[in-house]
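Naming follows writing order (A, B, C and D), and every chain is counted from residue 1.
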Amino acid sequence: MPSTDTPEDIGLLTPGWAGSPAEAATGDAAYVRAMLDAEAALTQAQAALGLAPAAAARAVRAAAADTARYDVRDLALRARTGGNPVIPLVADLTAAVAERDPQAAEYVHRGATSQDMLDTATMLVAVRTLEPVLADLGRTALGLARLAAEHRDTPIAGRTLTQHAVPTTFGLKAAGWRSLVLDAHDRLAAARAALPVQLGGAAGTLAAFHAFAEARGEPASAAGGEPAADGGEPAAAGGEPAADGASEAADLGLRLLAAYAAGTGLAEPALPWHTLRTPVADLGGALAFTAGALGKVAADVLLLSRTETAELSEGSGGVSSAMPHKANPVRATLIAAAARQVPALASVLYGALAAEDERPAGAWHAEWQPLRQALRLVAGAARDAAELAEGLRVHPDRMRHNLDATQALVVSERVAAALSARLGRAAAEQALARASRRAAEHGTGLGQALLEEPAVAGAVSERQLRELTDPTRYTGSAAALLERALRRTGPVRPSP
Amino acid sequence: MPSTDTPEDIGLLTPGWAGSPAEAATGDAAYVRAMLDAEAALTQAQAALGLAPAAAARAVRAAAADTARYDVRDLALRARTGGNPVIPLVADLTAAVAERDPQAAEYVHRGATSQDMLDTATMLVAVRTLEPVLADLGRTALGLARLAAEHRDTPIAGRTLTQHAVPTTFGLKAAGWRSLVLDAHDRLAAARAALPVQLGGAAGTLAAFHAFAEARGEPASAAGGEPAADGGEPAAAGGEPAADGASEAADLGLRLLAAYAAGTGLAEPALPWHTLRTPVADLGGALAFTAGALGKVAADVLLLSRTETAELSEGSGGVSSAMPHKANPVRATLIAAAARQVPALASVLYGALAAEDERPAGAWHAEWQPLRQALRLVAGAARDAAELAEGLRVHPDRMRHNLDATQALVVSERVAAALSARLGRAAAEQALARASRRAAEHGTGLGQALLEEPAVAGAVSERQLRELTDPTRYTGSAAALLERALRRTGPVRPSP
Amino acid sequence: MPSTDTPEDIGLLTPGWAGSPAEAATGDAAYVRAMLDAEAALTQAQAALGLAPAAAARAVRAAAADTARYDVRDLALRARTGGNPVIPLVADLTAAVAERDPQAAEYVHRGATSQDMLDTATMLVAVRTLEPVLADLGRTALGLARLAAEHRDTPIAGRTLTQHAVPTTFGLKAAGWRSLVLDAHDRLAAARAALPVQLGGAAGTLAAFHAFAEARGEPASAAGGEPAADGGEPAAAGGEPAADGASEAADLGLRLLAAYAAGTGLAEPALPWHTLRTPVADLGGALAFTAGALGKVAADVLLLSRTETAELSEGSGGVSSAMPHKANPVRATLIAAAARQVPALASVLYGALAAEDERPAGAWHAEWQPLRQALRLVAGAARDAAELAEGLRVHPDRMRHNLDATQALVVSERVAAALSARLGRAAAEQALARASRRAAEHGTGLGQALLEEPAVAGAVSERQLRELTDPTRYTGSAAALLERALRRTGPVRPSP
Amino acid sequence: MPSTDTPEDIGLLTPGWAGSPAEAATGDAAYVRAMLDAEAALTQAQAALGLAPAAAARAVRAAAADTARYDVRDLALRARTGGNPVIPLVADLTAAVAERDPQAAEYVHRGATSQDMLDTATMLVAVRTLEPVLADLGRTALGLARLAAEHRDTPIAGRTLTQHAVPTTFGLKAAGWRSLVLDAHDRLAAARAALPVQLGGAAGTLAAFHAFAEARGEPASAAGGEPAADGGEPAAAGGEPAADGASEAADLGLRLLAAYAAGTGLAEPALPWHTLRTPVADLGGALAFTAGALGKVAADVLLLSRTETAELSEGSGGVSSAMPHKANPVRATLIAAAARQVPALASVLYGALAAEDERPAGAWHAEWQPLRQALRLVAGAARDAAELAEGLRVHPDRMRHNLDATQALVVSERVAAALSARLGRAAAEQALARASRRAAEHGTGLGQALLEEPAVAGAVSERQLRELTDPTRYTGSAAALLERALRRTGPVRPSP
């Protein structure tokens, strides 16, 4: 065991995502990796625009790839002074580049601000983490589609405010779960596709890149456009921007932004978003949605797994330390725990939209851990949900048993309608009320009790009554709704 | 004044939305109105499918329109027993219909559950409330577009972690605000367009409608399809649903759902969503986003309005009771207050996704007030934002004054680049550091101090230095970014 | 019904507290009443210190008592300009006083700031609202104490992660609920007792009162202390404060604060707390605690009320609109809904601690509604909890029935211990595992199945096995714990 | 650098607490250490009561102390099956004990449930983490006391809603900050002192310990009391608990609970609190309070550090990667970031009070990370606050400069009072309004402008006006309030 002086978190309190791809994709090392990727892409983009030598870009990429050089713990401790880890990382990367190519060192992080790199890295981490998450949601949806199809006509008690209401089917329940999972998948996939690169420089104007171009004697806004007036003189790059869209396309900053985005594989933002935090807020919302959607599935599984109900059980329940014979719904439990946490984390991210100035003193820093934690919780919940959906054991006999226990209740709506049409509403309701009471007292079925009502016996045959009081025949549009819901395409298709 | 025994909330603590259209659109009376609309639409849809007489639909609509009959306070007190206001409202509506047409009374609320009506009403309230909200966001975006265009080249200090960084333009700031407001508009408009009608009956299967059709001797799943086996016998409507899409289209429940949706103007859901709460969660997320987006604008306005900064002031500041001469940024304050609240409310709504069973015991009830409150806070903030954007007074002179106070800082990045190209990096940085120190100590400009550096004086002309140290010439891609951002179409166009 | 143009909230969506004393105590009228009380107390305190004529204090008190003069809706609309309702209320109160005594009018609100009045009023509202809340918590605790005593030995399945574990008693469960309710009561009572008056003037220095004293030619810091140098000259009241505790006691501001606190019945704060929000944060925490504590009771009641479990039922369940025969646990549902909301509201209040300057632009305004809403939700939940505790129907037979269903499981821990002592651990565990499996398969009791194990039959008598496998004999320290817990004194004693 | 396959979090994104004692005290290894401590204490307590051999307790303690045996990562991965880390840890500890003393192995974790150990370990971690936190809060309070004393009479603009209001003193501001910090200290210290040990066994009845005593032929409720009726027969230990307090004291479970608590140094709970989560909720509330209290200090420091205001600066500001000359208020920024997160985490903990059954499926698991994260955020914020308070640089000259900029505003309240007494209210207000306008337009002081008003010049001498308009003479009770506040005793005394 590491000594108690060591600060590592390596999964002890987070069984939901321990050992998952998402865990590795969100660890400190993954962030360092992503920051180095961002630095390499930035120098590369500058080289592509002639702002840096190609050799410098190569040197940065090589030094960034040598991940063994970077000591995460040391970076963490040095991050404290400036309040973010980019500053020490840039120092180390610069040293590593200088060893390879001293000339190249000055092109490291050139023109960028810490937030450019950390935001870009965070987006890369998110994109990489969401890949297994989306796959797990696809597996979940597929597993639920199979359950729904298989149990299209399996009757189960519909329950409202804890009490049996009227029958439904387990298939419709599973189809409903799937629709939520697909909603979550849609929202996460859309958020992921929009995650942008960050680049704005010190205050979001990309001005430093103009300064470097100036210093090289190049007009910043023209690729082959009109030359600057007088050679070495600083061109009025920032002060006199292009007046129309055509020349805007020629703006150095915008071209750099596009090249940088292309190099990272992330989306190109319309504006630097240092304090326009749409990507983070949208991602937070999609994560909270996903946690909640999976939380609905877990809530139902937990209730239907209760000892007294026992209609479902997890494929491989957890083992209790105190009760070795007990099989616990551990997957559903961990999902439920995630669903309790992510909405609060998302509230921090929505709150961080109100980020002042060109870089805020707190709101940005307050995003880092909640976003990472939300990604992990959702990743863990998605993995658990996939295992749950694929392994869920359904007990139709038990569903039927429970449904029969309150037969009189769950079909009374239908019986009332049928009898009203024959006896009039008042007479029908009185007969039904009497019969329900007798059925409950004597434990006979409602059908039998109704037959003892002379008015009923005179109007309806025993066979009709048997059908009318059969809960499995009273599921309304359940199958039609299920079929419509299942026609919605999921991200993963069943293998043939 | 009402006596202190009266419970009314009529805006005393909510200046943000007092007197606004959104206030009236979300009051208790508006909910009653919407519930009555839902009831009328339901009977109408049943009549359209032959499940109820046309006369009954007319009677219900007439009784629902006679809003003076319904005592909101009395409904509220009677709602306590069952935990929701639909139960007493149905009783009163039934009585009102019976006075008009005794036969029609049995068709009131027929086949529905309370949640069908309250959810539908909530969606109607949301749609109606969002109309002025979206309009106000449009006005806000338009006002900000004007500010951005007008101040395209107005220099202002870019500030990061509370300190001056490099210059930017007020136009780019305003264009950034606008982009957030448009993001919010997009999200709210999309959420609004998707808000669905609710109809599922007791447990989401629409079974009661099948029962009524059966009782009338009609097969529930066939519009002119094969007749039920034996006339008056209950058809196996629920138990044997149609096997393919074609017959699914003929399912009674699905046809009713479509007709009901059409009657209310809301979207038709794929499934009853009693415990599949995508619409509420999505709306909650969009509202939190909007509050945060407007909160960003407010945060900046508040900072730039501070006495020492004074670069902005609200068109009509509030009056202080203790300090009559003081003009407070009241609009921005109220927006900021909203931005602190809505994320927490949204977290409750995301949490309510984990709603168990076919109707949950608590999660649904926990949505009502947070959703209403979030709608109101956002509506108030949007109104305030529109007034703010339209009336904001900008003080370019003061922006320039503040920017000049730290001239040495805000252009040092550019000067360093220019001098490095001429003197080499090390010499340039030393000269710049010395000159910055002297400039700060003696209050001279950085340009002057640099000229006192022999190496600099030998390499750069005074005119060049003047330009290099001019903060208004160091705004990089600000104008190009602004122009690109302003080409994004907003919901409201400037009048010609 | 009010027309849909009217904005009233009068309880339609809040069945939890509709019609309760807390509802009236937190309505807009109650806030106006409390603000008027605060104004009257302030003038009275000034009169007591000789800063205002006694006649002025009388006039203000009389005008404040004439509540019919104040139009809450009109105040609400006029509050918008300045962002708070105190400004228009002071105008109306001043006019009312002037009608009675023109001289007195200038003493209205004299020296105070809006926040002084609204904060004091909020504290008064909280104190008044918590009175019925604390009483309801007392009733709840008493009801639970009765249940615990009555069911001291009623066995019930202990359930962990949804599964039966080992037996416990319903009495211990109820005693645990009571201990949480008492914890909540303690926290709310402590928070209530500490709620302070607010008075600081424009920026928390009480300077205006010094100015008034100066203007009257009185040194502000001396009651019989050394006279100011030269009569009408402004004394250096603020600039040269008393140097020690003795003269500090003589400080005008501190004396006024004490007099004002005494007049309102609220606590005297050590400092004006315009941006030192301990009272609001503490109250928010205590409310969140209470909602959660009651939420625990509700969560258990809901689970034990489920149709399949049926061990508890609410005294008077709510009625379903769709399912007339169904009795819903409405009280527990509404409590559970409150428990989902208050923690989020408290998070807003904790967040508002970070209130900048001497009065913040948003953080203060963001407290108003969440605090009011939290008070109401908790008040409603406490009322519902009292009704629940007093009316809860307990079904010991059903508890025993459910417990027997898993007899083999719930006592296996005990049987294993007993057999291990006789057979050795390994042999005991093997025999128990085999017997448990057979008992589950054949539906026989575990005792019978164990007798079929030769090793067991040779070591333990049939009578011993019957006792060992009797779940009602395996409740450990349940009764001892219950008795210890019940000795904790509650706020309400049972009537003799 | 660890490869990107490694999941460690070692502080990269958490500069607030990287390298702090609290970081090590809350790492995974610290939790393992605390769980081992809990296991050792449990066996020890059983040995003390004769339920386990003394040798077993020694063996467990020795094996638990050999921390190098336990592989935290391996435990984390194995925790997944059962959903908590106690299960694999018990297996490893059992193996370690067996190596030492095979007989002792069966006494490992005997009678306990996973939650007993993890809850106890969490409380130990909290106690250990809060020690440096409380010390840092003490240092903070002491630093602020020194600032307050030193700046007792340093005038500064009081600001409300972003605008200058009337003067106050920086000393009063610092005294107010200190009072919040002391409030936080009090709340955390009280919560810490109450943190209890957890022990209840499978369902909170401590029944297994009774079973072990039975199996050894000892009556569970008597230490030397009356012997069980018939030797080896199971005594009715659970079913017939002691009827009064005296015998309750003799209850085996209660005695064990007391011994276990004594062995850990934690408080003894009245009841097992598996689902009575007062300790966690209270701790969460105290942490949210502390984060908010420090957040207030940070909010003010950030505003007063802004470039335009510049009244404060952090002792050692952070360095910007883009702007090397810039000194950022990094400590305040990190505190502000913490204050944005902890309230949301506390809302999860308050929500977890609603934990169903005897062990909940999700609510408990949802506490682990938020509580740990809240402890860390607060620990980091406390460390930063101590550094901030001890190193804060105060610029009284700048405070005076800013105050003078709005002289006319900040003293108008006082001037109005003085002139009203001489000229009558109406004439005074008119003269003041005119003079204020002229002073603002012409940049002359208010005193000069007032002298130009004939009525004023006739009533007040120039010297009187100079004093009346001197903002440093208008600080009311600031010093008296400060002195009273500073007499509140803090946890740390200044060294002599």
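Following the convention adopted for this analysis, a residue touches a chain if its C-beta (ideal position, glycine included) is under 8 Å from a C-beta of that chain, and two chains touch if they have at least 3 such contacts.
Given the structure is predicted, the values throughout are model-derived calculations rather than measurements.
For the interfaces B-C and C-D, the C-beta contact count is higher for C-D. Chain centres here are C-alpha means, and the one lying farthest from chain C is A. Computed centre separation for the pair chain B/chain C is 31 angstrom, with centres defined by C-alpha atoms. With centres set at the average Cα position, the gap from chain C to chain D is 22 Å. Residues of chain B in contact with at least two other chains: 113, 159-162, 165-166, 201-202, 208, 298, 302-303, 318, 320, 322-323, 328-330, 333, 336, 339-340, 344, 347-348, 351-352, 361, 413.
Chain-to-chain contact here is organised exhaustively, every possible pair of chains being in touch. Residue ranges of chain A in contact with chain C, taken from their complex: 157, 159-166, 302-303, 305-309, 318, 320, 322-323, 325-330, 333, 344, 347, 351, 402, 405-406, 408-409, 412-413, 436. On the side of chain D, the complex with chain C involves touching residues 106, 113, 153, 158-162, 165-169, 172, 175-176, 179-180, 183, 201-212, 214-217, 220-221, 233-234, 236-242, 244-245, 248, 251-254, 270-272, 275-278, 281-282, 285, 288-289, 291-293, 295-296, 298-300, 303, 336, 339-340, 342-344, 346-348, 350-361, 413-414, 417-418, 420-421, 425, 464, 467-468, 472-481, 483-485, 487-488. Chain A makes touch with chain D in their complex at residues 1-15, 18-19, 23-33, 67-73, 75-77, 79-87, 90, 109, 112-114, 201-202, 208, 298, 302, 316, 318-323, 328-330, 332-341, 344-345, 347-348, 351-352, 361-366, 368-370, 372-373.
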